[in-house]
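Structures for review follow.
The two complexes that follow have subunit A in common; it is paired with subunit B in the first and with subunit C in the second.
Let's turn to the complex of A and B:
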């Protein structure tokens, strides 16, 4: 402390000596303490609501716990079991299939919508379109799923009624193992399209007009301009939107749980449903945690893979 | 740890897991905010707070030192409610007084969550004589587990057949009598199918009231049934001299699955054939509200339901008198399935005495009479026989309202749907293979063979 530079004698008596503001080091320490204090609410939130649950989930994965009795450490047994459990493999397969269908439809519809709505950017119609397409995002997933399950009912549903008007036979939307994943994906697309659409609308609005105009002058029009100019320019947004959507949809739950309960059979049972049922129906909280840990790792790997691949197709200006 | 209350143990468990690798919590520490010495705070699980408000108010007026927080827990069915209750347990924040239906009574009792009420009932037997005298023995029996009583009751529902009288009239049919048969049902379903896009009969894929009534009248069950020994104290004390109590034991047991026995296969083949013949719409997953919507929209002629539909259909817009009910049709028997609901006390919660005092208030006739699920409209069937009145059910226009309680009194072999400790997982297996049979992806025999295999595995894991 002897080497500290003295700046004055403005030290407040209630401050400890090492925080005194009369030295450069003291001022630095004061700033550091203040910084930590400002960060503290966020840090506490992060620890309590993010880090602690992750630690708990991972720890539970190594335990046997049925709520009624204290947890018992069982090593890697849960993880060994899940790799031999056909239903778990099936739930991962369903999740990936539905995620791929949903993300595919979401990105195509959202880009198309964003490009269309952008044409009206300067008119009041743009406000109306943005609001209308975003509205479903504000609805509860469960309410949407309940409503859509009525619409998709094989015999009483409105969807099949209108298909019937067109002379098309009834489609067993929710009771056929071949079709149910598509139906659930469709329902999910309807509710989530607005979110992805808004992301793309932002991306489309930020596209450099001079490049687009130059391409037009050079004769690039229609699909050619879309494929060779617009989409490459939009690629950072596409990467962002797909990463977000893939992460969300690998955690598919609301729609399949409410609309089908995973059925018929297990054809629409997703991994998160499997986690839920394993924990709260089968009372195997440790095993459920081990499944969720694997899902977490898979989401991490898929996201990493997306970023790795992005080097090949994402164009940053 | 010997003196730890259950609440403290659960909280310690939850916190212990959080610090899984970290450390055990000190045994004497409770994470709950401890109530003051004078004030007692109780958490009471209900479906709908409004329905019990009068009961809570009257109790708190009589006991100003008690504050009861009603926790509303809802679900598509009772198994789903149970999963939410288990979630509160996992979080270390359970209720002091829970509310369960047959589907999960044994789960709570078998896992030691609910406190056996036997010693308390014996001590206060005089106070309960009138209560049990007013309640059918068949209902009370469902509250026993291995010789002990674990719950009181206020409402039940047996699966009867509900008729849409608009469709009935359009088909030129009359309401059947109590002795009607499966063949009568079949011809009525045929007659009511196709009237303005309607179906003669509809049901949904769940545990209570799905194709379970057909299983029961075909004189079988998805699990083998037997009665546990014990319970004499209960029957001798509260049902002495009651013929309908003779032969009942210490509660039901379901020792093994029998999903693929020939009668089960026959019952499933029958309901699948109804779908194949177009008498029943596609069987989808869901709760009672799904059927309610289609029935009140004149799309279904008949459907399984209990007394809860009397008021439920009025609330969904049907005119009084436009629907009625009858026993389930006779097949090999006319045995009905039922489910009974009531409160239980958290064992080791530390407030059991006060909870018991609350239950003694709850079981009073005048208190149950004013419960919101019976008044002003009956949204379920009272377990007290004397509360099943013309005044209550007459306003719904259900002429055969006596059927609700007669199901137990006149068909005393009526029993609860299977409710082993692992009932939630059992239900998932049941609905999964039911769905595969009704959508034609597996034959009834294949579906039930697979159901049986999974149930055997479930039993083995829980042995």
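Let's turn to the complex of A and C:
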């Protein structure tokens, strides 16, 4: 191989005649054989580990199965049960509340950061800020959850200590069922802000400068320019980031599981935690599958709804 | 005048600017507002990280005292040593490395091969398959977990092995899509030139196109490393034996063991467990951040 002077010469010989590269058909056949071979690992993998499981999940949703006895078809009973099951409804509402708070904070902070740092775009300072804000993305959800649950400790936590310095009473961050969802959302915002920010930074760097300058010349300034010019120009990125964040946060698990195990009571129990407990603590695989299928449908519906709604507010140049 | 200065001072290599304002200096009220906001978020971002590092170096007696000590004074490394007594840390880090590196290498392999096919190797039916691959991106991972667990344990008999964490992670629709876009950006003329030299289709892939998508591979590698290293739910379900746990489960256990003990030990474990990701990030950050920014444009 090392002595070859041109790419591939000398290799030509060991190919069978029907694959020889000197005819158009031979090249076409080479591409086809190679293409099929190259796709096999991905296709087989996706079929075995993604497509088959989702089909099985839907099927299990219609069955009763506790592992010890063979699965038994029970029609829509699982679904009827979950719609009356208070804990399940509660987990869906927790998931939605936390998702809405987290996504709201994430998008507002990330857009503000991207627009702010863009003012100093070429400086060393922008680079330093960008690196610092991205650091939490490197931490695992578990590490973040463990760390922030110490910081949010009511009596010994650093957060309450500094609030105390400012004269604010101790906040029961993780032990009050009213506040806990907000605390878990804050922790999640802390870990994910850097990621969402980077997506917006891409959008902001690509804003058409001519239009922004023309608007300034025409007298659009400050908040007016932000609201009427900058944000509409940024709207495709806003849609992209929001859709990604909503999908991820509807599948919320690591932070609430480690920070609170769903408590106090069930006030921070998310749907995925509910699926996990139902399947692996109660061994009700069929029932758990039916919950995850509903979650899947909700994610699809919410995403579809976002795209539908986007026709009204997203502005493509 | 100020306008001209503003514009030119932000461009590098402008020698003719007489009065040079440093490019990080705020120039207007809005600039100041932005600066203050960025600093506040920066401080809120960095403080918990500093707290983790400094508290991991405090003696057990003072580990939970407030006010926190922002500059470490005692530099007590005993917490780091104690991690090794509480959990099988070396094993768990080794497991995380093995699982993560295998996943990264595996994803790079499957995604470059499939991405190249979808970009450059046409055969009848290929484009339908591409839509199938894209459609799998819509399926939430969590919804497939229960059947995946059944398939892994009943069909493959791999429950509680590291392979149960690696195998399902090898096919990647996201990575395939990402690398397809990279392969598409490369002009087709290279192929013609290589064919003139007598290269067959595999050699064209291996020696001409593959080296040119290195930046895309770097992004996939960093994202896969970060995602797999930090994965929690999958091992929580698939693994039972403590010595086979990845380090994320180890930290979860450690937090529970230390409920009444020193939190500095837990934080020491977090510092050690995060170092590999930080190193990967330091080397891959240019590709990663630029690549993600480009991803944002396509929204």
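Quick notes on this one:
Here is the rule we use: the second predicted complex is superposed on the first by the 280 of 317 C-alpha atoms of A that agree within 3 Å, B and C clash if a C-alpha of one lies under 4 Å from a C-alpha of the other, contacts with A are read in each partner's own complex, and residues count from 1 in each chain.
What we mean here is this: contacts are C-beta pairs under 8 Å (C-beta built on N, C-alpha and C of every residue); 3 or more make two chains touch, one makes a residue touch a chain.
Everything numeric here is computed off the predicted structure, so don't read it as measured data.
Superposition model on subunit A: subunit B and subunit C are shown in a clashing arrangement.
In the superposed model, A:222 makes contact with subunit C only, not with subunit B. Of the two partner chains, neither subunit B nor subunit C is touched by A:80.
Within the superposed three-chain model, A:266 lies in touch with subunit B and out of touch with subunit C [touch as defined at top]. In the superposition on chain A, contact is made by A:68 with subunit B only, not with subunit C. In the superposition on chain A, contact of A:154 is made with subunit B only, not with subunit C.
Note on subunit A: of its two partners subunit C and subunit B, the one contacting more of its residues is C.
Shared-chain residue A:214: touches no atom of subunit B or subunit C.
In the superposed model, A:172 lies in contact with subunit B only, and not with subunit C.
When the two structures are aligned on the shared chain, A:15 is found in touch with subunit C, with no touch to subunit B. In the superposition on chain A, contact is made by A:280 with both subunit B and subunit C. With the contact threshold set out at the top, residues 52, 56, 60, 150, 156, 276, 279-280, 285 of subunit A are in contact with subunit B in one structure and with subunit C in the other. On the side of subunit C, the complex with subunit A involves touching residues 10-12, 22-24, 26, 30-31, 34-35, 37-38, 41-42, 44-46, 48-49, 51-52, 64-68, 109-111, 113-114, 116-117, 121-123, 126, 129, 132-133, 136, 138-148, 150-151, 167-168, 170-173, 176, 194-195, 197-205, 207-208, 226, 229-230, 232-233, 236-237, 248, 251-252, 255, 263, 266-267, 270, 273-274, 277-278, 281, 285, 289, 292-299. Across the complex, subunit A meets subunit B through its residues 52, 55-56, 59-60, 62-63, 65-71, 149-150, 153-156, 172, 174-177, 259-266, 276-277, 279-283, 285. Against subunit C, the residues of subunit A that register as touching in their complex are 6-9, 11-12, 15, 19, 21, 27, 30-32, 34-39, 41-46, 48-54, 56-57, 60, 109, 112-113, 115-117, 119-126, 129-143, 146-148, 150-151, 156-158, 161, 190, 193-195, 198-203, 205-206, 222, 236-241, 247, 250-251, 253-254, 257-258, 272, 275-276, 279-280, 285, 288-289, 292-293, 295-296, 299-300, 303. Subunit B meets subunit A in the complex at residues 9-10, 12-13, 16-18, 20-21, 79, 83-84, 86-87, 89-90, 111-113, 199, 205, 281-286, 290, 293-294, 297, 299, 422, 424-425, 427-428, 431-433, 435-436, 438-439, 441.
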